[in-house]
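Both complexes below contain chain A, partnered by chain B and then by chain C.
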Partner chain A sequence: MSILACNGGAVLAMRGRGCVAIAADRRFGIQAQTVSTDCQRIFPMGQRLLLGLAGLATDVQSVAQRLKFRLNLYELKEGRQIKPQTFMSMVSNLLYERRFGPYYAEPVIAGLDPVSLEPFICSLDLIGCPMVTQDFVLSGTCSEQMYGMCESLWEPDMEPEHLFETISQAMLNAVDRDAISGMGVVVHVIEKDKITTRTLKARMD
Partner chain B sequence: MAVEFDGGVVIGADSRTTTGAYIANRVTDKLTPVHDRIFCCRSGSAADTQAVADAVAYQLAFHSVELEEPPRVRTAARLFQQSCYRYREELSAGIIVAGWDPRRGGQVYVVPMGGLLLRQPFAVGGSGSSYIYGFLDATFQPGMSRSQCQEFVARALALAMVRDGSSGGVIRLAAITEEGVERTVLAGSDLPWGDGGPPV
Partner chain C sequence: MALASVLRAELAEFSPNFPKNFPKNFPKNFPEDFPDDSEGIPEILRDPPGPPRVLAAPPWGFEAEPEGPGLQILHGTTTLAFKTPHGVTVAVDSRATAGSYIASQSVRKVLPISGRMLGTMAGGAADCAFWQRLVARQCRVQELRNKEPVSVAAASKLLANLVYQYKGLGLSLGTMLCGWDKRGPGLYYVDSEGQRVAGAAFAVGSGSSYAYGVLDRGLAAAARSEEAACELARRAIAQAAHRDAYSGGCVRVMHVGPDGWREVSHHDIAELQDKYLE
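Take a look at the complex of A and B:
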């Protein structure tokens, strides 16, 4: 089996009007066996910045931890919150350092600029190639299913409530067609004054 | 899986077919009739099991006409076993044959990969079965009633569907007795633990 498909999992982020949302499934498995249903794939990296990672579970944790380390030093030295675009470059650098023996994790970043509150989403491949889009970004074992859902459901300038419903439906129906993703979905919606976190009632098979 | 009770059998299966990790069919019917009161539960390669089941259904229909009475469940199981053993190197088929006949009542026979034939009070197969052997051994009681068997099968399948990625969808049940075959489907909130979700 492909290394990126050993543990399974999926992450998805969408952009709305003045807000972003990021969602991930909760399954941790080893090939076909489900080991737990409370795996964390989305990590807070700033007051309005979340990082989601899909791929090999050990590398998901390692990358998130090492990134947080670098981010903490950045914030101490700079005395301010990092911009999402700069954070993207930090992630890219960390991954490319391992160009010929990479971390098997593909990140997705969602956040608001600390000053202008402009929404930002991007994704990177496992060796750090960044891609910024204006609609949605995703990674995981059911990426094709998620692409199909997002292309049909996404529309521009969605308000936070509508964005939540859209990302939820995209995620739920995509993971339900993947044998190694699912077992619950967690969704974070980042607005200028709050982050709302909800756990969806999902199929547990 | 299949369980015998006094007067018939209860059989059940999940409804997921995968090609790799993609769920090609989430509402598959893995309970296949090979005669009026004889069903088989198919696991392994869908192509292989469908082909063998079709061949056995034909052979049984012919045999039943010659015999001028309903075929025995043991005969159906033996026909499966002949094909599964002869072509054991080529096939990937784990089959449970279960049904009712006038001679011996409800019977369950298992024909796992390799082609052995064994009668059991209850039988399980498929990738998800590994996760529920403990539950089955702890919960099974000989002499259960039809509805107890149905609950036993539903709980076992639900637990397997949570843990095994290749299992899922809905639970299809069938109760086979002298009177006939009664099929039911358990989906979503019908599952044994209701809306609360499984323990894990």
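Take a look at the complex of A and C:
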């Protein structure tokens, strides 16, 4: 089995009007066996910045922890919150350092600029190639299913509530067509003054 | 010979060319002299020329199996069946996967063989569907000839012997034949490796270990009533669907009793989640 499909998992981020949303499934499994249903794939990296990682579970944790370390040093040296675009370059750099023995994790970044509050989403591949889009980004074992759902459901300039509904439906229906993702979905909606976190009731098979 | 006769829907002993006054007229050099009854079969479907393949495997076994990992993982599914004094309770999930893609959540994994017998499907869907339908046909013919319903032991033997001829060629079948005959409830596990085993309870498929865990705990209590047995079967499949990535969809519970088989219940796993899983 492919290394990226060992543990399973999926992450999706969408852009709305003045807000972004990021969602991930909650299954942690080893091949066919489901080990737990409360795996954390989305990590807070700033006041309005979240990083989601899909792929091999051990590398998801390692990358998140090493990145947090670098981010803490940045904030101490600069004395300010990092911009999402700069954070993307930091992630890209960390991943490319391991070009010939990579971390098997594919990140998705969602956040608002700390000053202008402009929404920003991007994803990277496992060796750090960044891709910024204006609509949605995703990674995981059910990427094809998620692309299909997002292409049909996404529309520009969605308000936070509408964005939440859209990303939830896209995620729930995509993971229901993947054997190694699912077991619950957690959704974070980042607006200028708050982050709303909701856990969705999903099929547990 | 074997394939041609199967496709013409006749076993050797039902063929009009079968030697008269068997066994006195049995050819001395079996199988070379066995009459060839493949006229009328298109060229492409005939067996290759030369002495017909021996029907049974040589005693030293086939070397066709490649030297791979010892255990062959059964394809994604969970099916189970167990005997109680009231009959045989059968429960199956309904998921079909292609790799990690869920191809369907509504596959029918129970195949009726006769009014009093069911077969479950695990392994290759086409293999199970085809061979069990063939066995169903054989059972009906036998019922008409003998004026008596066919026994579970006989039906399972028919299936086992049919697939054994293709051992090593890549058939994938892991099925349970569940029925009620004159000896009471009958349950046999038959697979494409040639195993045919009678037993009181079986679980087959990638989720079978999880199902066994729940099943073994409640088997004694399940013998009390048909309702308790069906509840246990439903719970075992739901638990297996939760833990095993390749099982899921719906749980279908069937029961085979002295009056024949019937579907007891059909629930989506999402409905049963709150009841059985935290």
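List of remarks:
Basically, the second predicted complex is superposed on the first by the 205 of 205 C-alpha atoms of A that agree within 3 Å, B and C clash if a C-alpha of one lies under 4 Å from a C-alpha of the other, contacts with A are read in each partner's own complex, and residues count from 1 in each chain.
One rule holds for everything that comes next: a contact is a pair of C-beta atoms (placed from the backbone, for glycine too) under 8 Å apart; a residue touches a chain by one contact, two chains touch by 3 or more.
Everything numeric in this text was worked out from a predicted model, so none of it was measured.
Clashing of chain B with chain C is the outcome of superposition onto chain A. Set against each other, chain B and chain C differ in how many residues of chain A they touch, and the higher count belongs to B. Touch criterion not met for A:168: it reaches neither chain B nor chain C.
Touch criterion met: A:5 reaches chain B and chain C at once. Once the two complexes are laid over each other on the shared chain, residue contacts for A:205 go to chain B and to chain C alike. Legend: residue contacts after superposition of the two complexes on their common chain; A:92 is shown touching neither chain B nor chain C. Within the superposed three-chain model, A:139 lies out of touch with both chain B and chain C [touch as defined at top]. In the superposition on chain A, A:36 makes contact with chain B only, not with chain C. Listed for chain C are the stretches 9-17, 27-35, 45-53 or 207-215, of which 207-215 clashes with chain B, judged after superposition on chain A. Overlaid on A, the two complexes show chain B and chain C touching the same residues of chain A, namely 5, 8, 29, 31-34, 141-142, 176-180, 203-205. Residues 76, 95, 97, 100-102, 105, 206, 241-249, 269-270, 273, 277 of chain C are the ones that touch chain A when the two sit in their complex. Those residues of chain B whose C-beta lies close enough to touch chain A in the complex are 14, 16, 18, 21-23, 26, 127, 131, 161-169, 188, 195, 197-198, 200.
Taken in their complex, chain A has these residues touching chain B: 5, 8, 29, 31-34, 36-37, 141-142, 145, 176-180, 183, 201, 203-205. Partner chain C is touched in their complex by these residues of chain A: 5, 8, 29, 31-34, 141-142, 176-180, 203-205.
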